[in-house]
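The same chain A turns up in both complexes below, where it pairs with chain B and then with chain C.
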Partner chain A sequence: MNKKNSMTAKNKKDIALCAFVFLLPVLILLTTYLLYPIIATFVNSFFQWNGISAEKKFIGFANWNKLLHDKDFWAAFFNNIKVMVLSLLVQMPIGILLATFLDAGGRKFNFFKVIWFLPMLMSAVAVGYLFRYALATNGGLISSLSELLGGKNVDLLGNQKTALFAVIGVICWQFIPFYMVYYLAGYSSIPEDVYEAAIIDGATRSQYVTRIALPLLVPTIRSAIILSLIGSLKYFDLVYIMTGGGPGTSTELMATYMYKNSFVTFNMGYGSTIAAGMFILITIFAAVVMRLLRGKG
Partner chain B sequence: MKQEINYENEQRKRTVAWAVAMALAIIWFLITFIPFLFMVLTGFKQKLETILYGAFHLPETLYAQNYVDVITDKNFWVYFRNSVVVLVISLVILLFISACAAYPLSRFRFKLRDPIYLLIVAAMSVPIHVTMIPVFQMTIGMGLYDTIWALVPTSVAFATPISVFILVGFMDGIPKELEEAADIDGCGRYARFFRVILPLSAPGLSTLAIYNGVNIWNEFIFAFTLTQSNENRTLPLALWNYQGQYAVNTPMIMACLSLSVLPMIILFIIMQEKLIKGMMAGAVKG
Partner chain C sequence: MKKRILATLLTTLMVASLALSGCSGKQPTMDGSNAPDAAPAAEAPAAEAPADAAEAPAPASGDDKTITFWNIATDEPDHTLYIWAVDKYNAETSPESGYTVEMVPTVNDQYKEKLAVAMGAGQCPDMYTNWTGGSLVEYAKSGLAQDVTDLVDKYGLRDRYTEASLAQASIDGKIYAIPVKSNSVASFFYDKKMWAEKGYEIPKTLDELEALCDKMVADGITPFALANQPQWTGSMYYMYLVARHGGPEIISKAYDGTGSLENESTIFAGEKIEEWVDKGYFPEGVNSLSPDNGDDRALLYKGAGMMLHGSWQVSSIKSENPDFYENLGAFPFPEITGSSADQTAVVGTLGDNFISFSCTGEKLEEAFKLATLYSTDEFMQMDIDSGNLPPLKAAKSDEPAWQDILAVLNSASSVQLWWDQYLPPAVADVHKSATQKLFDKSETPENVAKEQQAAMDEWLSQQ
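Moving on, here comes the complex of A and B:
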């Protein structure tokens, strides 16, 4: 009896040791590249520091106080919110419509599916450059269209009032295919029998979609919304390349603002504060959204 | 009689509905496709053509010089080689260590299992920007700044949490009996991982390879902050440098863009469903 006990104890130790060996590389990597940097960012947020000299000056909450009263940061935050709300309102309905169309058509519409998916194949950098030129005042697509119709050149990206909307349009252009495929996967997870039973009971295709399929898709829609909401708070590449945050602060986002402070003007102390602030805001936001949307079961 | 009219009405309604759906589908097709067409065709234009004649004017001649210039540019191939090196090395390391970590999390019971798993899941939602300044400092400290080796650990580290998460789910689905059989045959825990679990995880690993491969290939922000000189930069930064060099030469930049998108499009043509599935792998995050 005693022997057996010590055997299992030894076995347990063996298991723990083996697990530790297997987990070690990942744990080392995550500690150095994720855990330590997060802590370091919070520590740096209390210093005045240009990032190059070894000299750091402790300034307490001065950076945080500056952040709370920094009009540009809050402008960037509200731009993030605008991006979030508008991309949700545009991406979700169009994504569902396209998926419904593809689901109804089956293999016949493979051509549409392939072409509609194309924007997803481009990196955010490439999309940013493409539209920087496609929306250019001289020789851009919209300008040329407007000229063709007898109008004048249109400067979407150079105008403070339209720049953010143009950027949001491009974000939607790139991400709608993602949600389309996501919903399509949701549709195809509905068993064939459900459709057949509905048709036998005399439902039309549109009745099947609105009364049976969409209610069954609610969990998919919910997680797509979470993905879109949280993703919107982190945008960087595309916007940085298309507009660099300008004109003025009209397309500045939290991430571009953080980048500029840290790596363009080398104010790394304050840059850390912005990054830490972003981290806090995103974490709170993610927790609230998950609770609200998941809570409904 | 009445029945028949109803039927005809229904039929007409359905035709109209399809016509509307088709029209919308074609509009969306145009919205998606025209920017691509603009990109490829503009690449065939001469320097000032777009500005002089607008975007809808077809190229005067099929001026392929831009494409030739990009392909014969030595720098382009340096960027390309760097991207391939970073991609291959990061991917091999990433898949191996993620599988290693997923194995005990899926199969063993030990005290710290739940806290470690939770930590990894939580790490998935960390915005990478919060790590940038310390990672920048660390990279300089390690003497890796402005080398392509700076990009390997970042590519691996930020892709690890989601990869481990997906692989744990995948390994949970591998029947325990297979491992028990190997156990009886005298396979130890380490051998079971290499001989049973790792080979059986191949489908999960290949999906992850596509998902992470696309992300690493397109990675911009760390490549942008951790490297500086042309010979150590990756393909996404080729665009950045070309833009600095040829800012007013729209056709040249569009040619470079088209060529940078080409590998993905070829991959997409070869393995459509698999690529879509792979690119959607990260969607489980929600």
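Moving on, here comes the complex of A and C:
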């Protein structure tokens, strides 16, 4: 009996060792490329540093104090909130709608599936340039359409009031396909017999979708919301390509503001503070939303 | 059992060595970024290490015998001009020195940032072009731009370059960069033929300019071809208006802390621009047009009145639209009548691009040898033929468009470097985004001036 026990104990030990050895590469990668940069960012946030020189000057909480009172940063944060809210409001419903449509159509709609997924396959840089041309004031797609209908040129990206919304529109265009596929996967994970049972019980297709499929999709929706939320709060690429944060600072997001400080104005110390601040804000946001959603579920 | 232990040990060793090589690859990069001014011997393996650790085909900058040269020569004729010296060096000097040069061109508007990232990562190119001013001060302060005064003397470059261009590349009397390419001042470019047909005349004063613009608007012509998405283009109007109203000393006094950017001249400039916006002098969507796409030149070709821009536009227009080039004219920014400020100052640069060096010792001298090719007679002729005017004492240009610009330059009392290059980078960025707000009138001239001075104050307080 003793022997058997010691055997299992030994086995467990072996397994633990084995697991450790196998996990080691991942652990090292994560430490080097995730944990270390995060810690380094927080450390740098206490220095005044231009990002290229050898010297760093320790300045305590001065950067953090500046961040708290930096109206540009908070304006950028509220722009992020706008991106987040509009992304949720636009991308989620359309994503679900398209997925429902494709799910109902089955293989017949494969054509749509491919067409609708295309935006997701393009790199953000290409999408950004594409829409910069499409939205150009002179000779762009929208302006030409407007001229055709007898209107004036439309300047979407050069106008502080519309620039952010124009970019959000493009972000949605790019990301709706992602959520479409995400929900489609959710649909396909619902067992076929649930559908059959519902139909046998006399449910119509729309009743099946609203009463049975959607409730079953709730976990998928929940994780999609969190994904979209985190993605919106750290969003960078399309804004950088299409407007660079301008005109003025009207489309500045936290990430583009961080980039500007770190690499354009030689203010790596403060740039790190913004990055660390973003890290804290996004973590809080994600934690709160996860808690809220779990409460409902 | 023993076998298993051995196997486990071996795997652990293998993984550990992998991991360690990963670490050693990472570590020196960090050292590099912390001590970029270390001796080149220490820096070279630092840059090399990550290459064999993870990303095998990493940039060749780590190679001891390869000189990497970064610049913004993505378009013609710049690319041909820059690569000429690189090819010449690789063909003629390489065999004896053992060094080869690799040129890496990057699009203008992303260049500065790419350079800053590379510098921060300890992968600074051995030689790179910049625009002097506030950025060069940062590079030099960080040990990433070497003092080349001795080399300039050794290779006799003082006899070749104009004094003013070397002065622009100097910090506290030491030369940190070698001018290349062209004198560039901002002046108005226009289509002589179109102006003659319409009976427009070159405005000498600001009032005349405004009268002309009003006439153009009435004729259905957009007076100013401006593409202000990257913000430094619109800044030219602002800089000139400030300089004409208050003189070039406003900016230098603000820089050393004895003056302020919040004064009647900057407010005047802001008010003028907003007034011009109201009157329709600028094209629709001015803040979303981009000079990197050539949007501003396209407007000029399509019949816009004039374009305030740097002289490098001459070579671009020459290679892009030879027909238009034949009628290209230029005139200086008009004077303000009755102003006590010096009315002949120009905004621009004496060299356009400047090459700085981060490498040291033997490698620095080899890199410098390459740079000297840009002041040879052979290069000068190529440069002039392509529509530039290098900042060399011997340089003369027969190009018609340059005669106008030379007239501007020769009568200038001083050349004020572009604010966005001259100012410390942090202030320059605020200057650019603040002045852009004038072009859609989203901020008052007073607040734009205040915002710039606030950034200036903050920078001064950190010095």
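Just so it is clear, the second predicted complex is superposed on the first by the 271 of 297 C-alpha atoms of A that agree within 3 Å, B and C clash if a C-alpha of one lies under 4 Å from a C-alpha of the other, contacts with A are read in each partner's own complex, and residues count from 1 in each chain.
One rule holds in what follows: a residue touches a chain if its C-beta (ideal position, glycine included) is under 8 Å from a C-beta of that chain, and two chains touch if they have at least 3 such contacts.
Keep in mind that this is a model prediction, so the values were computed, not measured.
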>> According to the stated criteria, A:I200 is in contact with first (chain B), second (chain C), both, or neither; which is it?
In response: neither
>> Touch test for A:L149: chain B only (first), chain C only (second), both, or neither?
In response: neither
> Given the touch rule stated above, what does A:F279 touch, chain B (first), chain C (second), both, or neither?
Replying inline: first
> Regarding the shared-chain residue A:G158, is it in contact with chain B (first), chain C (second), both, or neither?
Replying inline: second
> Touching A:G248, do we find chain B (first), chain C (second), both, or neither?
Replying inline: second
> First (chain B), second (chain C), both or neither: which does A:I115 touch?
Replying inline: first
> Which one hits more chain A residues, chain B or chain C?
Replying inline: B
> Is A:F263 in contact with chain B, with chain C, with both, or with neither (first, second, both, neither)?
Replying inline: both
>> Quick check on my understanding: which residues of chain A belong to both its chain B contact set and its chain C contact set?
In response: 18, 25, 29, 32, 51, 136, 138, 259, 263, 268
> In their complex, what parts of chain C are in touch with chain A?
Replying inline: 8, 11-12, 15-16, 18-19, 22-23, 26, 33-37, 112-113, 116-117, 119-120, 124, 135, 138-139, 141-144, 229-231, 283-290, 295, 299, 424-426, 428-429, 433-434, 436-437, 439-440, 442-443, 462
> Can you list the residues on chain A that touch chain C in the complex?
Replying inline: 17-18, 21, 24-25, 28-29, 32, 48, 50-54, 132, 135-138, 153, 155-160, 163, 243-250, 259-260, 263-268
> What does chain B use to touch chain A in their complex?
Replying inline: 10, 14, 17, 21, 24-25, 28-29, 31-36, 38-39, 42, 50-56, 97-98, 100-101, 103-105, 108-113, 116, 119-120, 123, 125-138, 153-154, 156-158, 160-161, 164, 189-190, 193, 217-218, 220-221, 225, 236, 239-240, 243, 250, 253-254, 257, 260-261, 264-265, 268, 272, 276, 279-280, 283, 285-286
>> Which stretch or stretches of chain A touch chain B in the complex?
In response: 12, 14-16, 18-19, 22-23, 25-27, 29-30, 32-34, 36-38, 40-41, 44, 51, 94, 97-98, 101, 104, 109, 112, 114-126, 129-131, 133-134, 136, 138-141, 143-145, 147-148, 173, 177-178, 181-182, 185, 204-206, 223-224, 226-227, 230, 233-234, 236-237, 241, 255, 258-259, 262-263, 268, 271-272, 275-276, 278-279, 282-283, 286
